[in-house]
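What follows is a pair of complexes built around subunit A, which joins subunit B in one and subunit C in the other.
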Partner chain A sequence: MGHLLGDRRAIALLLGPALVVYTLVMLVPVAWSMGYTLFEGNAISGFTFVGTENLSRLVEDPNARDALWFTVRFAIVLTLVQVAVGYLLSLLYVFVLRRASGVVRTLVFFPVVLPTVAVALMFQQLFESAPRTGPVNALLEAVGIGGVDWFASGSTSFWVIILMETWRSMGFYAVLLYAGLVDIPEETLESARLDGASGARLVRHIVLPLSLPVLLSSVIFSINGTLKVFDSVLALTNGGPGSQTTPLTLYMYQTSFAYGEYGYGSSIALLLTLLSLVATLFIFRSSRRDLTKA
Partner chain B sequence: MTSQFRRRPALVAATAAMTALVVSACSSGTEEEGGSEAPASSGSFEYLSLAENSAVQDTLAALSEDQCTAADETAALEVTTQPQASFDQQMQLLAGQGALPTLFAAGNSPQVIKDIHGSGQLVDIDAALEELGHPDAIIPAARSTVESLYDGELYVLPTEFNVEGIWYNEDLFEEHGVTAPTTWDDLVASAQTLSDAGVTPFAAAGKDGWPLTRLVGNYIFRSLGPDAMQAVADGEASLTDPEYVEAAAAVAELGAGEFFGPSVGSIDYTTAMNQFLNGEAAMFYMGSWALANFNDPTQNTIGEGSIGFIPFPDVEGGEGDSTQLAANVGVPLAMAQNAYDAGAQEWLGCIAEHFGGESLTEQGVITGFAAEAEATDLPPLTGVVQDRIATAETTVLWFEALFDSKAQTTSYTNAQLLVTGQMSPEDFMAAVQADLG
Partner chain C sequence: MTALILTIVVYPLVWLVLGSLKTQPEFLNNATFALPENWANVDNYVTAITDGNLGVYARNSVLAVFPALALTILLGVAAGFALEVMVWKGRATTLLLFLAGIMVPGQMILLPLFTIYFEVGLTGSLWPLIITYSAIGLPLTVFLMATFFRGVPREIFEAATLDGANIFRMFFSVGLPLVRNAIFTVALVQFFFIWNDLLIALTFTNRDELRTIQVGLLNFRGQFGQVDYGPTFAAICLNVFGTLAVYLFLNQRVMKGLTAGSVKG
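Moving on, here comes the complex of A and B:
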């Protein structure tokens, strides 16, 4: 076997097909899309070379700036919220519910497997203000606060999206972090308890440092998912009202496929790629520092 | 070592098979393109319809079993549908691959079909009808609307011909002592009276946006004349000019008075229609395609006889007037040049001859085709609209008619912000103008 893997031709033959497929479906489109940033047009009207015009337009475009700001805001807020809620849930599973957590874990995990569009439609109904008053507004009216037209302004829509995404994903992060927490040796916890640490102090000084690697993985998962948010926003608000909840992905999609500007759409894709790159570098740099500390 | 040698041919074969698969997958598209150019009938007549519009499908299906059986035998009608929201993308993809169906709805933004026409993929309907011996198949009013929309050319089939205006609930007007307004100021005063009495003055689908921007467009046509939007398209005027901003401000004022009712941004087309037909709202700006709903007693609970129609009112001192009806051809149909074979030709001839009559008598939809059939038992409201069409001398388009898809989307999506006061009229017009370039 060692001999076989030492043979360069054998390696080439084993990896070749997968590499060819990967190149065709991943690398070629990426390079192609990069190339499009220098052109403008679409499949119907043909393409013309415009040089760096798309990129300079991107710098000046207020819509792109708004979309970038929304994406960053969304990624940071949602990552904080969903990882925090997931962590609290996992602590609940491990330290409060213990062996009885199975049913709760399953129930909390359930929304993860639901289709995004179905969840979005449900939240639309929940927060509806017209023509029918949705349950949330009915509740607000019942306690005397009065109904809110949630989808009429960007700021309230933003929080509905955050709430929906948190509900949808907290089960996933809870399970992920739960796996990290059950790995903490019982002896360590026991000795900390004997030393008088309990409750918040136990979590702060023992559990949190020991679960830092898995917390970091959760943050990476979350940033990765939230920067690329698309389907939930499309189904819930379609970027509206106006373009107040339009992330870069949706703006890229509209520009390319609704407005027929493939070149400019590719430039937005490039911006998104750079953003992801910056986020990745940032996370890995900070993770290296943290891990050596721990 | 021996086993390694024995396996190598298998690996090579696997790689070769893989490569062959990929290459064949990549090349299959081009073969199809070449095959469909044959002038003889392909045996099928594909129609790509908007999923939301069943009237055209139903009419074509009825024709295939009645007047157009011969054409259907040459090329059998095959209908596929695509939701309206993603229709433009689908058309762009198909056109990019040269795979447009024989007959298809022309999409949401007129710009897309103009681009496809620009790339030479559409049948010149005008020339084709002439060749088939039906030069007068399309009525003059519809022809002029199509030509003003598509740069003076006729490459679509007007399967609808609509006029737009304000439909109002006569009973509610009478009850609150309001008469049909003839000027914009009258309209605002009437709305105020109704609103004070607790009646929602206008049903409007703010979620869709276009029913609100239609008001902006009409105001512009009334105040600045029928060529006002063409001037914007030609770059001679800008939407940010004060006289254009005034139109957006006028509509924003209707919103500020809460004349569209609460949560206008959450109201979609169907809900707005229901509000009007249930008697919850007194007025409804809409096109005559809504006659299908008005004439349906299960939907219309206020009664067909209680609905009146007025054109968009005059703006005092304006250059346009209310005889210039807003008109459109709905979503017309286009035909792909590379699928235009003998079967398609036969179908086009039959459509030219029979579509108008069939659609009017069976669907109650007024088309841009000359209808030979004498339809005597039409509902009275349909008659009213037909009379309006017959007497209209000039027609005007709508706000976004000459916009590209981007400016159109900006206009639609920001309309609710305009009427809820979250966006100023200046900002609204500036945002749309920015996309027009």
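Moving on, here comes the complex of A and C:
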């Protein structure tokens, strides 16, 4: 019976098509893109060999440094915010709403599946300041703080992106962390309660330590995803004002398609890939077991 | 507390729908929180679909997404079966090779693909989208399918070999029915990833008639932007309602599938 499940021709037929498509459309282009880092030019005008010029330019380019810094800052801040909000929501589901949490979980999850472009355009309108006052500014004016021109500065734009991404993804992290929380045995919580722990103390001393593994996986998934942020930033601020909210992904895109510099674009893409690689190595080292459970 | 959270999640969407029913003067002259004057005003939707070309964009999305979805599922399920159920040397390495693809950012394959499609003459059709989406979906599909096949007791496959089933009959009549639900879940997850994609669609659609719904919506701002609020709101609404319809019926499965696919970040 072993030889039937080991039939080479069958393996080739079942695996072959996927492997061929994957190799041609992903693996070969990855290697090809690395090759591009040594050239200058684009698909239409042709290429010239420039050696390591692109790489040394990448090291010195202040725009690249800004984009890298934005990417890292964005990934760290958003990860902290969205995992924290997701965790608070999951605590709410488990300890306050309990069995009634189903509907709330489902509703809060909904923005996860919404097209990013639609959400970004919606947030543009929500945070609009002129010519029309959007709801957020209207609310701020009503309580006497006064409206803010959100998209006029890099720092306020940054926080609007963070807010938008949190709105989009908190339901996702809440469900992910919820799955970890319901795995905590009821007896453990019960005996802690008998020992007099309750509320914040129960969470801090019992629940939090027990949910550390799933929190860690969430953090790593989040870092891996947020490093590649593209759609939300492009649609919400298009990197502006100036280039103050431009992550590496967007910088690469602009370099390649607005300026037709494939070689330099590929170098930026390579930097991004290396950054993601470091994050992914963490994923498989620290949470491989959790992945296969779902 | 719960009410506050639900307001934060639901209110923006309600506000969006209300906005889509307002006329331009209402937007500019009435208070921000005013309700629409005419609740049956669908002019904005008509404008968005016809003048805004949203109908064409939606058709392009459907034409690109569903063939790609079918391909990625077909290839991915077969590969998952070969990698998990069948026994051969090197399958662990091959699975890892596929897994590596989950991490690769789209930006890393964009430029070579653009060059290839340009040289082969596929630029100017929806083929670059279909091909790229099929390939990009593979790593996660293969990974999830391998995981689901791992959950099937091996005895079932071994019993089938004793019954004299050949390997393809085993794949189609034993393997597939066992993971039918899983396939549906993975397809659903991939649907959202592909349907909501912006990067690939933006790169490979060089003409207005080829734009997908996401690229079309992005350019809506350019076309109507600060001038025409109503049609912009209506266009966002149409895009949101599409996913809402799917989510309304399949939310539990979507939630399960997307959290299972969380490796993608």
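Definition applied: the second predicted complex is superposed on the first by the 260 of 294 C-alpha atoms of A that agree within 3 Å, B and C clash if a C-alpha of one lies under 4 Å from a C-alpha of the other, contacts with A are read in each partner's own complex, and residues count from 1 in each chain.
Criterion: a residue touches a chain if its C-beta (ideal position, glycine included) is under 8 Å from a C-beta of that chain, and two chains touch if they have at least 3 such contacts.
Keep in mind that this is a model prediction, so the values were computed, not measured.
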item	value
Touching partner for A:Pro241 - first (subunit B), second (subunit C), both, neither	first
Which superposed partner A:Phe172 touches (first subunit B, second subunit C, both, neither)	second
A:Ile44 touches, of subunit B and subunit C: first, second, both or neither?	both
Touched partner set for A:Pro213, first subunit B, second subunit C, both or neither	neither
First, second, both or neither for A:Ala10, with subunit B first and subunit C second	both
Superposition-derived comparison: subunit B or subunit C, residues of subunit A touched	C
Which of subunit B and subunit C A:Ser153 touches, first, second, both or neither	first
Which superposed partner A:Val30 touches (first subunit B, second subunit C, both, neither)	second
Intersection of the subunit A residues that touch subunit B with those that touch subunit C	4, 7, 10, 13-14, 17, 21, 24, 43-44, 131, 257
Residue ranges of subunit A in contact with subunit C within the complex	1-2, 4-8, 10-11, 13-15, 17-19, 21-22, 24-30, 32-33, 36, 43-44, 89, 92, 96-97, 104-118, 121-122, 124-126, 131-135, 138, 167, 171-172, 175-176, 179, 217-218, 221-228, 230-231, 234-235, 249, 252-253, 256-257, 262, 265-266, 268-270, 272-273, 276-277, 279-280, 283-284, 291-292, 294
Residues of subunit B defined as touching subunit A within the complex	1, 4, 8, 11-12, 14-15, 18-19, 22, 88-89, 92-93, 95-97, 112, 115-116, 118-119, 121, 261-267, 271, 274-275, 404-406, 409-410, 413-414, 416-417, 420, 422-423
Subunit C to subunit A touching residues, read off their complex	1-2, 5-6, 8-10, 12, 15-16, 19, 27-28, 31-33, 71, 75-76, 78-79, 81-83, 85-88, 94, 97-99, 101-116, 118-119, 131-132, 134-136, 138-139, 142, 147, 150, 157-158, 161-162, 166-168, 170-171, 192, 195-196, 198-199, 202-203, 213-214, 217-218, 220-221, 226, 229, 232-233, 236, 239-240, 243-244, 246-247, 251-252, 254-256, 258-260, 262-265
Partner subunit B, residues of subunit A touching it in the complex	3-4, 7, 10, 13-14, 16-17, 20-21, 24, 42-46, 128-131, 149, 151-153, 239-243, 254-255, 257-261
